[in-house]
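What follows is a pair of complexes built around chain A, which joins chain B in one and chain C in the other.
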Partner chain A sequence: MRQTTRLPSMDFKFDLREWWRNFNRKNTYVLSLVIFIVTTVAYLMLQPNAFEEGVLSRLLTSNFRTWLPVILLAIGQTFVMLSGGLDLASGSMVSLFNVIMAISITSNEEPWFNLVIVLGVVGLGLIGGFFNGFLTAYMGLQPMITTFATSFVYSGLALLILPDPWGKIPREYSSVYRITTWFGIPLSLFIIAFILIIWAVIKNRRYGHFLFAVGGKVDAAYYTGIRVTRIKISTYMISGFFSSLAAISYTLLTGSGSATSGAEMTLTSITAAILGGTSMAGGSGSLIGSVFGAIILGTIKNLISLSKMDSWYRLLVNATVIIMALASPGIINLFRRKK
Partner chain B sequence: MKSISLNAQFITKKFGGVVALRDGSLDVNSGEVLALVGANGSGKSTLAKIITGVITRDSGEIIFNSEPVVFNNPLAAHIAGVTAVYQELSLVPSMTVAENIWLAHEPLTKIGQVDNRTMVSETRKLLKLFEGTYQSTLRPNAMVDTLPPDEKQIVEILKAISRNPDVLILDEATASLDSRQVECLFSLIKEWKDQNMALIFVSHRMDEIFRIADRAVVLRNGNSVGEVKIAESSETEIVSLMVGHESGLGRAERATLNIADEIALELNDVKTDVLAGVNFSVKKGELVGIGGLRGQGQTDLLHTLFGNKRFDGQITLFGEISTANHPRDAMKKGIALVPGDRATQGLLLIRSIFENLHLPNWQAYGFPLKQKKAESDANRISKTLNMVMASLEAPVTSLSGGNAQKVVIGKWLLRDPKLLLLDDPTKGVDVGTKAEFYNLLDRLCETGTTTLFYSSDEQELIDICPRVLVMQDGFIKADLSGDSLTKANLVSTSMGAGLNATNNKAAVHGF
Partner chain C sequence: MSENIQSSEKKKFTLSPPVTALLLALLLFLASGFLPNGFNSLDTAINQAFNIIRLSSFLALIAAGQTLVIISGGEGIDLSAGAIVTIAVLVTYKFINGDNSMVLPVLFLVIACGAAVGLINGLGIAYLKIPPFVMTLGMAGVVTGALLVVTRGLYDGKVAPIMTNVIARDLVWGIPGMLFLWIIFGVLMTILLERTRYGKQLFAIGVNRLTARLSGVRVDLVVVATYSIAGALAAFSGFILVGWTQNAGLLVGNQYLFPSIAAVAIGGTLLSGGKGSYFGTMAGAIVIQLITSLLTTMQLPEAIQQMVYGLILIALLIAYGREKGIRL
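What follows is the complex of A and B.
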């Protein structure tokens, strides 16, 4: 450090307003946390005998094993969106991997063979993600259009492999996923917690800082000497990796394969990420927010079925919640300006 | 002490067909400050960016510590010890001051985590270099986008210096700093010089160059045209190097006959966030050039007149006080603006030439639309402007730069503007079209159209405008006309130096 003769100043005054502003900027999930609490409380109140012994644990298990594929996909999507990209191919990758596993996994007497299949799927996820990243980050093509196009490659392959839903995953495997709990907490929640812990570590490593810098202002990141292309490609690979994890959990959940299984998941995962406070423009957001976002979307689905509404209301209510969540920062600004 | 030398030789760079650098050469050694000077578009920034690896050169050689080097990206330059201070370019607005300063070279703990505590305390130490010149809101954990421009610039400087570079390039680093901050920076530069750093100081301000630099390399039209020792040189010498031998000789006497005594436009202490109190008046039918370095408030002035910016002060237009606060109001008063960025502000790129020409004019064709009349008017204007095109229905993207600019001008001419505002309209336009454009300006003046013409090309201003206002820092720095309107005067007043000839400010514009 270069020498200076000036005396240090003691300017460590705590400013509440600045702290709160920074807190919101750093913790973009706050809004999704509030919606999460509201929807969950509503859900538990509508759910009969939710507080009887054992019911809560059962609810946790059955809900989270259904939500996990979308949650995983939303996590992968968050990485891409943080760096300023978008991955519209992640759901189609789920379909493809689901189909591959459905036709190739054999009985539980060949565990090594099955393990190779699963690892192969994870590898394919990384390769598919690299392909998306190469086209968008290295070739400089528009992420939205490019990944939309590659999504047809993946879903087309899925249809080619398995035109009609079929498949038999050994019951022994799927029941491990479906009913394993420790202390009343299901396996899927442990998986989520594990990923969030890993993220908490990575976020504070250089890679995490680079991710936010690339998404925040790509030119600035480049001038600062960050390898922008590599960072971008890596996010697509992470998204592909999470697609493979989502496909594994979805296959274990349903026990079979369908070429359209992931089709709906892409937009749901993006919605979940946005609901969780991740910016489409990149540079701000959090994994925990996306997890909350996915849970909120799942809970709303449950709420509608519990309240005996027609199922087509689901789309309407979903849309309303999303629009309100998206508009809230703008509305707050509007009020501020009026004053 | 380690001795550092950086030597760039015969660097060339083309952007598309435009030559930005023909022969960019400079050398700088440890313990000295080299000033890189030149007029607008002389290639200073291009040369600085090539040295720091932001853009790659076409040919030429950079020799760093007597070894030839290639910096293909900024990272390579950083590793070698060459760093630049950019104008707010390299800060991520959504990250904190500390995160920005230490980005890509964060202090790490033993297990590879970013060491936030060290990062913040080191940032505090760095901020002390500028202690007393910034507000208390500038602290390590403040978000960069909440900071005012001068504090962002300070962060930018600290970011570069945090890497302990051997060669530091300051590209217009003082442009947004106030005088105390500049003082502070200069005393730091002296310290760094004593610590054997090699500094390249790119600036438009003569007085700063003379205060801080040891040598100066002058660029003109992409060529390094000279090198002077500051101690043995004068402002006049540097300006004449920048201007070259082309004096204001070839200037045609433009028609000034039709200028009425009627004042068309009068500005009285007009202030915006950029303009700092602008006063001038323009007579009806007058063609007034606006000069000065880029980004001194010229564009803001034109946009303010066009009702696109809020302002304080008074604008009087044809004897009426203007209250325009929307371009619509300005258009009703007969004002037209040809904006600076053709592609984003001037044209709808996906629509046809015809639709672009009529975009501001549809109202005149009533309801139902008089399509025939609209077409014949569009044909007439395209003939007047001599537009080269396949047909009026062709997409506007099919046109060359010059012809596309004619569409932008044509759409306003269809409205018969009384006051025409031109924001650097000849940028990226070929020579032939420029000549046509100058003739058009003459004709417009003859018909009594008042024109304000901003151009970043000094020669052009000298050639076609009988009177030029020079802007600096949001002020009208000088009002040149008649004998005082020479290229040397234009360049030196742009750079904050005094007039070489008589100061014309108080004089009546000599017609």
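What follows is the complex of A and C.
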């Protein structure tokens, strides 16, 4: 964390390196944008007919509906990480909500009844997030181990409700999520864009400033009169809210429920957020970076399956590529220092 | 005046986290006696106590490296410990193959493997500035992936009889050999933390990296050393673990990963770094193992076990895992 404060220079010479450094500091997502472009170009090159009529739209639809749960979780995680916390319970909350919806949504009931269930799940997400936030922010427990403990409560509940994978979400619901497109752009992309637009508005208003202040330096934020505990609890509630959204999209995607559906997503979403330039110490990061991060992770998986690699090598290659991606700015810096 | 001094000297009655954890362990153990299928005579009680201590010693061994990494601060955490344990278990299992003379060479080989993985972790974290959480998580993937490539899911081997004798059987007076091993290990770890230059520097970088650097600590070097040692210790515990289970598996280490972090936290080590002890981790490991054993003895369904485990963990953290508030 070396930061040099410079006095504004008197001569206004345009220094490219200076500008680039400042640009990077302000826009933490630059690296993820670069990797995103590289992986996406590689992916499209491996698709033989990507630019034929309608193929691109189909690729967008099939990929983004699969990635949306992790993207949403990564977005929720970003809020928590911006305030300097960590939410290891978000994935098991997805499992819990996935299970609840799988057993209770049927085509026998009136549509409004199903809507009530979905709204109830969103409410539960807020409550679960509040529980996490209360324990970490209000009680002052260490976030990593506390949310890990609460994740056991949520995944245990999920297992209690539905020991074996089961579920029959009516096809008319899931197809709305799976195949709706407007002008060739799938519903899931509209959802992501909507969230990013709302965030762009909130970021520069009071809540956004407070959030970054709390993550940057808690004491200073406290002494300026920011209600630190409230902000911190609110981030966990936002994460819980996004967990419920992720669960809804996952349930619509698979049409069934499983008590372990979200278990893998937690660490993936954290990796996505960090890949997107969000700092685990808090105070710096962006939502768009986390979205890029999640897309990169999805694309790398796609690339590996497109390359028809021996399946024993997949985990090794996947993990190595992720480490290389995380290491790339550091490697560049190392070489620069040697000059 | 003298009254004032006296009243300020009258300290609030507080227990250090390790002692609290130990008392808690005792309480939990006594409580387990009241279960329908708990112990009912002194003999079985002692037996059960040894059994639990033996089981918790594995957890505590794996948590040893984790303690070092967490004390080093900078969001330090080692999520690759589980994968390193697995690789150690498989290497030991395959190369010893029931041969006593192979024990020492394989032990060195295993520790070298663990240290190498730890070294990569440390280099990535210290010099490439990758956050420890994702660096070690990624390395866990690389190690597990490499194991898959090499073994293709098939492995074969046997543990040497001498390992079984020392680790799994009773050594003298009905006391398991593992217990002696653990006590020696604990003393060595405490000496490393409290009485060596490295230990002092470790706590120094955990409290504040900048002040540590300004007072002459080579922070990057200490970080790399810490992750390497943590890798070596995880590998060592894998070596010991396979002596006890006498069986191997491709995911055998993963189940110990998060419990080991919980043991460190319950033992009073701050997850933000700079404060902690191995004694605390030992006590924490006993508490975690007791909870797990209790839940298993009560024969609750898996779902309830998970929930109770989570709730007990939360209760423990509330009891004494609280960080200092902002208000001074």
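The working rule: the second predicted complex is superposed on the first by the 301 of 339 C-alpha atoms of A that agree within 3 Å, B and C clash if a C-alpha of one lies under 4 Å from a C-alpha of the other, contacts with A are read in each partner's own complex, and residues count from 1 in each chain.
Note that in this section a contact is a pair of C-beta atoms (placed from the backbone, for glycine too) under 8 Å apart; a residue touches a chain by one contact, two chains touch by 3 or more.
All values reported here derive from a predicted model rather than from experimental measurement.
Q: Check whether chain B or chain C contacts more residues of chain A in the superposed model.
A: C
Q: For A:M45 in the superposed arrangement: first (chain B), second (chain C), both or neither?
A: A:M45 contacts neither chain B nor chain C.
Q: Is A:L119 touching the first partner chain B, the second partner chain C, both, or neither of them?
A: Touch status of A:L119: no partner.
Q: Would you check which partner chain A:F212 touches, where first means chain B only, second means chain C only, and both and neither mean what they say?
A: Once the two structures are laid over each other on A, A:F212 reaches chain B alone.
Q: Taking the superposition as given, does A:Y222 touch the first partner, chain B, the second, chain C, both, or neither?
A: In the superposition, A:Y222 contacts both chain B and chain C.
Q: Could you look at A:I127 and tell me whether it touches chain B, chain C, both or neither (first, second, both, neither)?
A: neither
Q: Return the residues of chain A at which the contacts from chain B and from chain C coincide.
A: 1, 219, 222
Q: Help me check something: in the complex, which residues belonging to chain C touch chain A?
A: Answer in residue numbers: 75, 77, 124, 127-131, 133-135, 137-142, 144-146, 148-149, 152-153, 210, 258, 261-262, 265, 270-272, 301-311, 313-314, 317-318, 321-327.
Q: Mind listing the chain B positions that touch chain A in their complex?
A: 54, 73-75, 77-79, 84, 86, 89-96, 99, 103-104, 106, 108, 112-114, 116, 122, 124-126, 128-129, 131, 136-137, 139, 141-143, 146, 159, 161, 191-192, 195
Q: Under the definition above, what is the set of chain A residues touching chain C in their complex?
A: 1, 135, 139-142, 144-146, 148-153, 155-160, 163, 218-219, 222, 228, 267, 270-271, 274-275, 279-281, 312-320, 322-323, 326-327, 329-331, 333-334
Q: Considering only the defined contacts, which chain A positions touch chain B in the complex?
A: On the chain A side, the touching residues are 1-4, 6, 8-9, 11, 13, 18, 21-22, 25, 201, 204-206, 208-210, 212-213, 216-217, 219-227, 283-284.
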